[in-house]
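Written out below as structure tokens is the structure these notes cover.
Chain naming follows the written order as A, B, C and D, and within any one chain the residues start at number 1.
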Amino acid sequence: MSLNTQALKLGVIGTGAIGRDHIRRCSQTLLNSQVVAVTDIDLQQAARVVADLGLTAEVYPDGHALINAPEVDAVLVTSWGPSHEEFVLAAIKAGKPVFCEKPLAVTAAGCRAIVDAEVAHGKRLVQVGFMRPYDEGYRALKAVIDSGQIGEPLMLHCAHRNPTVGENYKTDMAITDTLIHELDVLRWLLDDDYVSVQVVFPRKTSKALAHLKDPQIVLLETVKGTRIDVEVFVNCQYGYDIQCEVVGETGIAKLPEPSQVQLRSGAKLSNAILMDWKDRFIGAYDVELQAFIDAVRAGRVGGPSAWDGFAAAVAADACIEAQQSGAIVKVQLPERPQFYGPDAK
Amino acid sequence: MSLNTQALKLGVIGTGAIGRDHIRRCSQTLLNSQVVAVTDIDLQQAARVVADLGLTAEVYPDGHALINAPEVDAVLVTSWGPSHEEFVLAAIKAGKPVFCEKPLAVTAAGCRAIVDAEVAHGKRLVQVGFMRPYDEGYRALKAVIDSGQIGEPLMLHCAHRNPTVGENYKTDMAITDTLIHELDVLRWLLDDDYVSVQVVFPRKTSKALAHLKDPQIVLLETVKGTRIDVEVFVNCQYGYDIQCEVVGETGIAKLPEPSQVQLRSGAKLSNAILMDWKDRFIGAYDVELQAFIDAVRAGRVGGPSAWDGFAAAVAADACIEAQQSGAIVKVQLPERPQFYGPDAK
Amino acid sequence: MSLNTQALKLGVIGTGAIGRDHIRRCSQTLLNSQVVAVTDIDLQQAARVVADLGLTAEVYPDGHALINAPEVDAVLVTSWGPSHEEFVLAAIKAGKPVFCEKPLAVTAAGCRAIVDAEVAHGKRLVQVGFMRPYDEGYRALKAVIDSGQIGEPLMLHCAHRNPTVGENYKTDMAITDTLIHELDVLRWLLDDDYVSVQVVFPRKTSKALAHLKDPQIVLLETVKGTRIDVEVFVNCQYGYDIQCEVVGETGIAKLPEPSQVQLRSGAKLSNAILMDWKDRFIGAYDVELQAFIDAVRAGRVGGPSAWDGFAAAVAADACIEAQQSGAIVKVQLPERPQFYGPDAK
Amino acid sequence: MSLNTQALKLGVIGTGAIGRDHIRRCSQTLLNSQVVAVTDIDLQQAARVVADLGLTAEVYPDGHALINAPEVDAVLVTSWGPSHEEFVLAAIKAGKPVFCEKPLAVTAAGCRAIVDAEVAHGKRLVQVGFMRPYDEGYRALKAVIDSGQIGEPLMLHCAHRNPTVGENYKTDMAITDTLIHELDVLRWLLDDDYVSVQVVFPRKTSKALAHLKDPQIVLLETVKGTRIDVEVFVNCQYGYDIQCEVVGETGIAKLPEPSQVQLRSGAKLSNAILMDWKDRFIGAYDVELQAFIDAVRAGRVGGPSAWDGFAAAVAADACIEAQQSGAIVKVQLPERPQFYGPDAK
């Protein structure tokens, strides 16, 4: 099969930081894709991106016009979170494949509405922008688990650490902006779902602003009984550091540290730790979007599904309740429709 | 000061595995000590140890006779756990320094009785056989914490793993025999006390016997608000593995892995993991007992105190209650007597 | 700048293992390239590759016909080593950019002829297939060196190890097939040239066939006085392992080990070591060829030059002489033409 | 066997830094030894050490008086290097066990004279103060080699690095003061002898004083054909770092790095590197001298022998010749007397 055939024609809704980055990616880095349409709540900004990146793309007045433009084969939703649901539903209605940055919707009910619409449509159209399952390290970790080398997973010890966060980062964002990645990737890693969650608040770091509880520890239990602890620490100062250790019946597998030059210098044997989250999963973004493009061109949609987006939202809601109540909160995920069978990714 | 003066004359109660090992240690490895008296519930066994190790030591008919023998300067209690309290109290009554293997007593009340007797005596006489504070790795870890390099400790992630355990190992022994070491060493490491505890049971490993819940995760909260999670996994198959990671405000410090030859062989870059717990803290046992001997010869007793033994017992009781109830259980440690001031170790 | 313009039309001479792999790469993985012409000494084999990969490419009767075909924008030479020189010279004559797998020519004189032809042509057309400068690890290592973090490089300790080699691997191939990669990448890493070389033969491994001296140690000296030792060990059994440690005035930097899941299992803490060389630099092949394609589309040729190919050949000749004589052999590299100025890569 | 019998009575010749340290060690740290006699070229200094350490030891007017004092069971020679030979010979003449700090003698001829005297005496009396064979790391490395896990050793890559050296450190001291440790320990590690040596001088570091060639690389060949490269770099700035990697037929074993707390801090994942050589082998000094004391009390002398001291001296002489000539120099070690049979250590 030659790939030098027709490129996939993409329309992008939202040309802010992530939107602009995806446009660049699809135009310059990935194979067989072409951005032909863009729009943004600020149309001048959309036009500027088209000019800056030297695209031959049309600026549409709004997301609905873009979705319905005949030249648009597939849609990327990278607009403001609260607008995602509306545009994804519109894309489903138009029968067009849609890649939606997380969150799929800002409420679990919104996610559920998308799931229902997609199931009613009868064919998968939606891929959610969870990129970690496309990270080489997580894939290697899953390969080790799936190989049986460590037996059945029993416990996971995870950490999600950022050097610092800004003033607008609130305590619940530890769930919705930070933990959300673990909520997605661990379901995939374990092929399992959450049944309960608890949040405990350690002594607060003096480096966090007054309004923010930081760090937090989230304790998750899965259907199979696996116990997960995730340390969320967004003012850890020292680096952007993602840890995941899977304790199985016969062994332990650990997510690889990013590859670095080993240095002997100044009485230290050291490896650099990344400071910027953008450097950590940069490769995964490419793989994720290429997978979307390749799948759509092959007539199907794969990757993290609307159901995965819904499941993450339901778990996140339970986590927020657990943050507030201090209690162990049940995660009540409805039964998965057959439509999203066990081959999700 | 020359040390080539009079050796400390020790009497040892209990000549089972650990007793015999301590006798060998005091006779052959440590400085300035001499085992002059032994006894055991099985007197023939006591005599055999004397003969095997070539000691010139008298076999006493029972612990009380040994404690009160004029030639005995100090006592080592290495008998069956339930007999510890009686012999330690007798040593205090006799005004003799006593090193007691853990547990100090099998109940918190028993430990408290010892504390009260020692306080009434007016001078420290008891050192409890918690050896981890004497381990080079833990000492290095404490030095890093105390140096301020990682800021205030906020969270600890720990693991205590054994390859396998025998049939007589019951679910509560995960606390009394295994976690007890963390309960002691972490108080010392953090210079802090526990206020609450919770135990969660992950999916059980298929490698554990029917009657045993394994693994377990113990969640501790301290007075300062530090949160500790300890994975206790006594059928982990792969090795005897002690992990301790201290997450501070500005950095993370990790207990060193035991030093090993790095090997490239058979498509693996590897370091050996110990399989036998005896190899892990063998050096710490020597340091611990030498510290007792040196201190007694200098006219004082240091190291883990009767109060430390009591505090560990109180925490262990709360852990066992938490195992059974599934609830968050308060650890109710009475106020520390001035006698056991903040210079405990 | 949009890249969704005309793809680069490539002609490939030689459809053996490496040729076929490059054709797949250029057709399916890389951006903006299209294989429109192929040929091979076995034309049926060439036709089979076209069919297998579903290309719309013409099979030309020979390399010269392919080079001169008007539809061919640039040429990939992946034929049998002894034929490289002829095809590269033909491409230069035709004024077409040419990517030539190593060796550029089987003799230093042949390389020099290509250099002379390219200089006479007046513009760079040749990129040699040395892929290590495109490897992420080597690039990170070079970045550390260039940052001044370790001061001026004084010594390099390197190793090039293969698990095993076949019967047709002869003692001199340790230079021409194995060390050749170090001869290229270390010049680039250090921005330096070799002045002398010595080869010593350690005790031979019992795992090597009778006719092969294995391992070997090659000692190189550079113009700046840096000393390099390279262990070449092609029957090391345990893995494909590339090591490079740069000792500078104030610190040491080490080529990263390939990123792997860390495993605790069976009394070992381990990371996998690759067994197949193809897995080690697979990413570098993509980057290397994409760089060629991008450069040609931008109207220039970069990367390892004909001069680099010549310099490696001169050094390799000296190494082979040193293998045979046991003496320290001078590396006599003529002065570099201005044409290949200090901005080579 | 009880060790609580008579302590070994030691006389120490030379109370400078190392002498004083050994006196402290034998009086306060080791078992079953007592320093009863000391002397020094500066008798006041000797008296001061006796007073400072609270010894009940007599100060003798000179080494010969001390050696011949009836109360002295065994002798430690820690005086100025050039005086070693005289005192060791005197001890042999007196039939007393003698532990001599390196060098055994400042010339190979002097070492040979000691060997001849000891052989004539008919029983081993001399242990040379090479402490590395008593280092835990080297012992673990030897155990791996001897286990056959890596097959026959073929190559060793070693490094001996100091942060800085003083003005009085000359180019030949890279051999006599620094490499001398590798010359001894590698013979022991491999159970082999040297047959040739070559020294190459890389580009000099700008951190070394004008009169010193630093770094140096010493290339050794053994009787079995094993090739050893030792980087000697005494102004490496970053730490005191001892490396030893043994490449065998089927795998590679590496001397452990000293155990350290792993730190995540300031964008670095790091382990401390020692800066002071005294911290590196401090444990080995204790083990080494305890072995001497235990052996003498058991009626024999073991450890590095006078022959080992001689062999190291012969190799060192060849290294110095190689430094000066730049040529490959033969190491001409006479046949080993039966007396120093293959069970040397």
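By definition in this document, contacts are C-beta pairs under 8 Å (C-beta built on N, C-alpha and C of every residue); 3 or more make two chains touch, one makes a residue touch a chain.
Computed from a prediction, not measured in an experiment: that's the story for all the values here.
Between chain A and chain D, how many steps is the shortest route if every step has to go to a touching chain?
1
Roughly how far apart in rotation are chain B and chain C when fitted on CA atoms, stated in degrees to the nearest 5?
Rounded to 5 degrees, the superposing rotation is 180 degrees.
Answer with same or different: of all residue numbers used at the interface between chain A and chain B, are over half used by both copies?
Same: most residue numbers at the chain A-chain B interface appear in both copies.
Report the chain whose CA-based centre is farthest from the CA-based centre of chain D.
If we average the C-alpha coordinates per chain, A ends up farthest from chain D.
I'd like the Å distance between the centres of chain B and chain C, where a centre is the mean of that chain's Cα atoms.
Taking the average C-alpha coordinate of chain B and of chain C, the gap between them is 59 Å.
Taking each chain's centre as the mean position of its Cα atoms, how many Å separate chain C from chain D?
For chain C versus chain D, the centre distance works out to 46 Å.
Roughly how many whole angstrom separate the Cα centroids of chain A and chain C?
Using C-alpha averages as centres, the distance is 38 Å.
Where in chain C do residues touch at least two different other chains?
As it turns out, chain C has residues touching two or more other chains at 237-238, 250-252, 257, 264-266.
In the complex formed with chain D, which residues of chain A make contact?
Going by the criterion above, the answer is residues 237-239, 241, 257, 264-275.
Enumerate the contact residues on chain C facing chain A in the complex.
1-4, 7, 27-31, 34, 53-56, 136-137, 140-141, 143-144, 149-150, 250-266
Which of the residues in chain A come into contact with chain B in the complex?
Against chain B, the touching part of chain A is residues 151-152, 154-155, 157, 200-207, 215, 217, 219, 221, 224-227, 229, 231, 233, 236-238, 247, 249-252.
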